[in-house]
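Each structure below appears as structure tokens.
Below are two complexes that have chain A in common, paired first with chain B and then with chain C.
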Partner chain A sequence: MSFLFQIFQPNMLSQPFMVNAFLSGSIVAVLAAIVGFFVILRGYTFAAHALPKIGFAGASGAVMFGVNPLIGLVVFAVSGALSIGLLGKRGRHDVITALVLVVALGTGALFLVITDNYATGAYALLFGQLVGVSGSEVVEIAILGVICIGVLSFLYRPLLFASILQEGAEARGISIRLLGMVFLVVVGITTAITVPVVGALLSFSLMIGPAATTQYVTHHPFRSMGLSVSISLFTVWSALTLAYDTGWPIGFFVAAISAIIYCLARFTAKRNPITFVRSQMKPKNL
Partner chain B sequence: MRGFFPIFFAPGFFTSSQVVNALWVGTFVAAVSGMIGVFVVIRGQSFVGHALTDLGATGASGAFLIGLNIWYGFLSFGLLAGAGVELMGDKNHRSRDIATGIILSFAMGLGALFLYFDTITSNNATVSMLVLFGSIFVMDPTMTPIVIGVGLATIVLLGVLYRPLILSSVNPEIARTRGVPVRLVGLIFMILLAAAVEDGALVLGALLSTALLIGPAAAAVRLTSRTGLALIWAAGMGILATWLGIILAYDSYEWPPYGRGWPVSFFTAVLILVFYLVSHFISKRSRWLLIREVNEK
Partner chain C sequence: MNRETVLELNHIGVQFGNRKVLDDIHVQVKAGEFIGLIGPNGAGKTTLLRVILGLLSPTKGSLQISGKPVLHGNRAVGYVPQKIHLDPNTPLRARDLVGLGLDGHRFGIPLPSRKRRQQIDEVLSAVDALSFADAPVGRLSGGEQQRLLIAQALLTNPRILLLDEPLSNLDIRSAYEVVRLVSRIGREKGIAVIMVAHDMNPLLSSMDKVLYLAKGHAVMGEVENVIQSDVLSELYGYEVEVLRVRGRVLVVGGEETDLDVLDLVEGSHCNGGDVMIQ
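Up next, the complex of A and B:
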């Protein structure tokens, strides 16, 4: 019993910053899991990895100009998403993702040098910290999160269709390019609000970890998203609790827990998931 | 011209041993990264190429923790991870990316923990910035021969592997029917790739060595459809971007905020983007498809 109290310290939620962390963490967990489902389905893993780092550069720029880091995160992540979508060729945007990423990071390095903000500011943004989110930021994160969910629910059917059967969707007059752009912008905003909670380097594991795991368990889109959301919430809540106990970076716990869950699912599953999902989702079912 | 010269090359540029060292190391790293990068672009392995540096960063922060030079951490983790990704390699491009992503995110989590301990034990946070953003000017000069040696070895091996590598990159099926051991070639290439990007990580930092790997190569395959020429173009542009980056970074000690100097990686990344955009305007389409066609004949 005393062991349990060591993990779940009774006074944890009486700290205002922990309440903020749990609130924003929960919002981010739900959104990242749903966006992650489509990221995995569409094979946007690299973009999901690059956008938080691009956002990181924006945040360090915002620190330099003395504005809210969240604005810098959103501006850079969204413009990064737009450039990847605009310059990337159909089905091959890995090269342009890498280029946009390095230019953003170079700029970020410059901002950090100019503000002489290497030590404190950058570390928190890269690896996440418990006191990273203030009360007003929780509200901002919630608003952005609701917008993303709204856009996604509006796009749900065409996006699912286009992700699985691009030619079929095109034949029905869906603009693949526009759809891809809008989706990338949603990924950008999602990463922007995830970074203050779990950090730029690890917000990517929250996005792909739970979604990749559920592909081994269920093939139904709704069930799959529901399961991702549960895994994601579990990951974030336990990561926050453990980070509070140990003082270690939240990002480490998020990455470790989601990797463990992924391995459990992968080595107990029998089928190669993605090809199976695709074979199940025939156009007639949509 | 006489007036321009001292403005461009700030006084003391060629006499500073750090700068000369940086120029030597930078040249080799840029050449190796550019050449390997051409194959990375043809094979569509940009994500793995970038992931290897992040994985190397985990090794580097671990090495710092136990008191080794960070270079050994970069190299050992990079080689292990490269071999691991290739061996786990799936035919399905998408699921290979996902597997790479999961390994990568776990390793980055571990790296975050190592850096946290580094920061606590050494009581300064600059090590994480050194690992992530690199600094060619503060490199340990005794490392120079090792870095250059690894670079040279990579180029030699790339030369030995040249024909089978091209064939198995453009068309694995044809390569297989001609008796090329495609998997073995892929594995050796991944090891060369790891060596190249970890060299770059030491110079530009883990976050930016991707710039030298992908940028010049992506521009080069737009300029020519001959693989050999593309290698030369990529190496040349990489070297140029690195030299200009070092010169401008040295000059920038005179710029605001005075005395701190802008990072080499900033200049190099921007120059590489400029090269890419210029090549984009010269040639409207990427020729990696053409490279495939030419080599298939």
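Up next, the complex of A and C:
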């Protein structure tokens, strides 16, 4: 019992910053898992990997100019997403993503050098920090998160259609390019609100880990998304708890827990042969 | 046979820059007809399909579908894209893929309903895919995925079904199966089918007419009338020869080696050594 109390310290949630961390962490966990489902489906993992770092450069710029880092994160991550979408060739974003990433990181390095005494702030942004989110930021994160989830639910079907059968979707009147842009912007915003909680270096693992894990468990799209969200919430909640106990970075715990769950799923998954149900109907005469 | 005309192409021309890809294509397609769209690489087959889908406006001429001008996203035209490349772990069941054909263009999350399920089951049974309706789509075979793509295109009750090279990547047996399936559905439902193929042999017994494209021009008619040395020679603008070997057709170029090699390779690939070279 005392061991459990050491992990789940009873006074943890009496600390306002922990409440903030749990609230924003939960929103981010739900959103990242849903976005991750589509990121994997569309093969945008490199963009999802690059955007947090691009956002990080924005945050260092914001600190330099003395504005809210969240604003810097959103501006850089969203403009990064837009550049990738606008300049990328149909379905191929890798090269342009790399270029945008390099430019952003260079700018970020410059901001960091100009702003002295920013080492601790940079460390927090890179690895996540329990006191990283203030009460007003929780509200901002919640608003952005709800908007993103709303957009994704609205675009669910066309996005799925275009991700699986691009030409078919196009023939049906869906604007592939516009849809791709909107989705990238959602990835950018998701990134921007994930970074203050989990950190820029490892927030990528929250987006990819749970969605990649569920592929080994189910191929039912709704169940897959539901399971991703549950894994993601579990990951964030345990990471926050453990970070509170140990003082180690949240990003480390998020990455480690995601990786462990992924490996468990991958190596215990039964590769069931596809079951063919015997048709109830009489075979048709050809 | 007095069936209604579902597709009318009036002197269609398509030009990219100053390059004419299609020139003066003038054909009519009737309900329930099975048309094989044949031609060498770069002949403009895909371009023609994109025009019919309303994804590309022709630089010359006009077209009508069931007497109406063509709109982008027209539900009267079903489209079967080429074989898709899906990750084996893609989190979708076969029926989810097919369901995209029903309401994939609508906004919002699909609400499961008995009617939706029934519509999907019906079309799955039409392509004999009910037995793997709940299987992970990424792990099905090429032929099975092809049947799902056809089912997906049938869900809007189209008047015209366009298939762009559905037989590439299929072995001969699956290719014949897909052709028979599509022609049966077309006949049953009165859907006009336009199937693009490099090798016309799997289509020979099923197609009503062949639409042969070469050098931007087209001829359409019954196979016996179109696939003739003199007709195709005129189309290509140089001497080609049509060989009929053991019930198979082979188009062999004269001096021009591009066509020569292409069709010989296709032919020999499909009938395993029956090719004759003079």
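Please note the rule applied: the second predicted complex is superposed on the first by the 267 of 286 C-alpha atoms of A that agree within 3 Å, B and C clash if a C-alpha of one lies under 4 Å from a C-alpha of the other, contacts with A are read in each partner's own complex, and residues count from 1 in each chain.
We adopt the following convention: a contact is a pair of C-beta atoms (placed from the backbone, for glycine too) under 8 Å apart; a residue touches a chain by one contact, two chains touch by 3 or more.
In this text the structure is predicted, and so the values were computed from the model without any measurement.
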Now for A:I114: first (chain B), second (chain C), both, or neither, which partner does it touch? first
Just to be sure I read the superposition right, which of the two partners does A:Y244 touch: chain B = first, chain C = second, or both, or neither? neither
Applying the touch criterion given at the start, work out whether A:R157 contacts chain B, chain C, both or neither, answering first, second, both or neither. second
Under the stated touch criterion, which partner chain does A:H220 make contact with: chain B (first), chain C (second), both, or neither? second
Thinking of the overlay built on chain A, is A:H49 touched by chain B (first), by chain C (second), by both, or by neither? first
State whether chain B or chain C is in contact with more residues of chain A in the superposed arrangement. B
With the two structures laid over each other on chain A, which partner does A:F22 touch: chain B (first), chain C (second), both, or neither? neither
Tell me the contact category for A:L105 with respect to chain B and chain C: first, second, both or neither. first
Dual-contact residues of chain A (chain B, chain C) 274-275
Complex contacts: residues of chain A adjacent to chain C: 37, 41, 153-158, 160-161, 164-174, 214-216, 218-221, 224, 274-281, 283-284, 286
Under the definition above, what is the set of chain B residues touching chain A in their complex? 41, 44, 46-47, 49-51, 54, 92-95, 97-98, 100-102, 104-106, 108-113, 115-116, 119, 124-126, 128-129, 132-133, 205, 207-208, 210-211, 213-215, 218, 256-257, 260-263, 265-270, 272-273, 276, 286
Considering only the defined contacts, which chain C positions touch chain A in the complex? 53, 55, 72-73, 77, 79-82, 84, 86, 89-93, 96-97, 100-101, 103-110, 125, 128, 130-140, 149, 152-153, 180-181, 184
Complex contacts: residues of chain A adjacent to chain B: 40, 43, 45-46, 48-49, 53, 89, 92, 94-95, 97-99, 101-103, 105-107, 109-110, 112-114, 116, 118-120, 122-123, 126-127, 199, 201-202, 204-205, 208-209, 212, 248-249, 251-256, 258-259, 262, 272-275
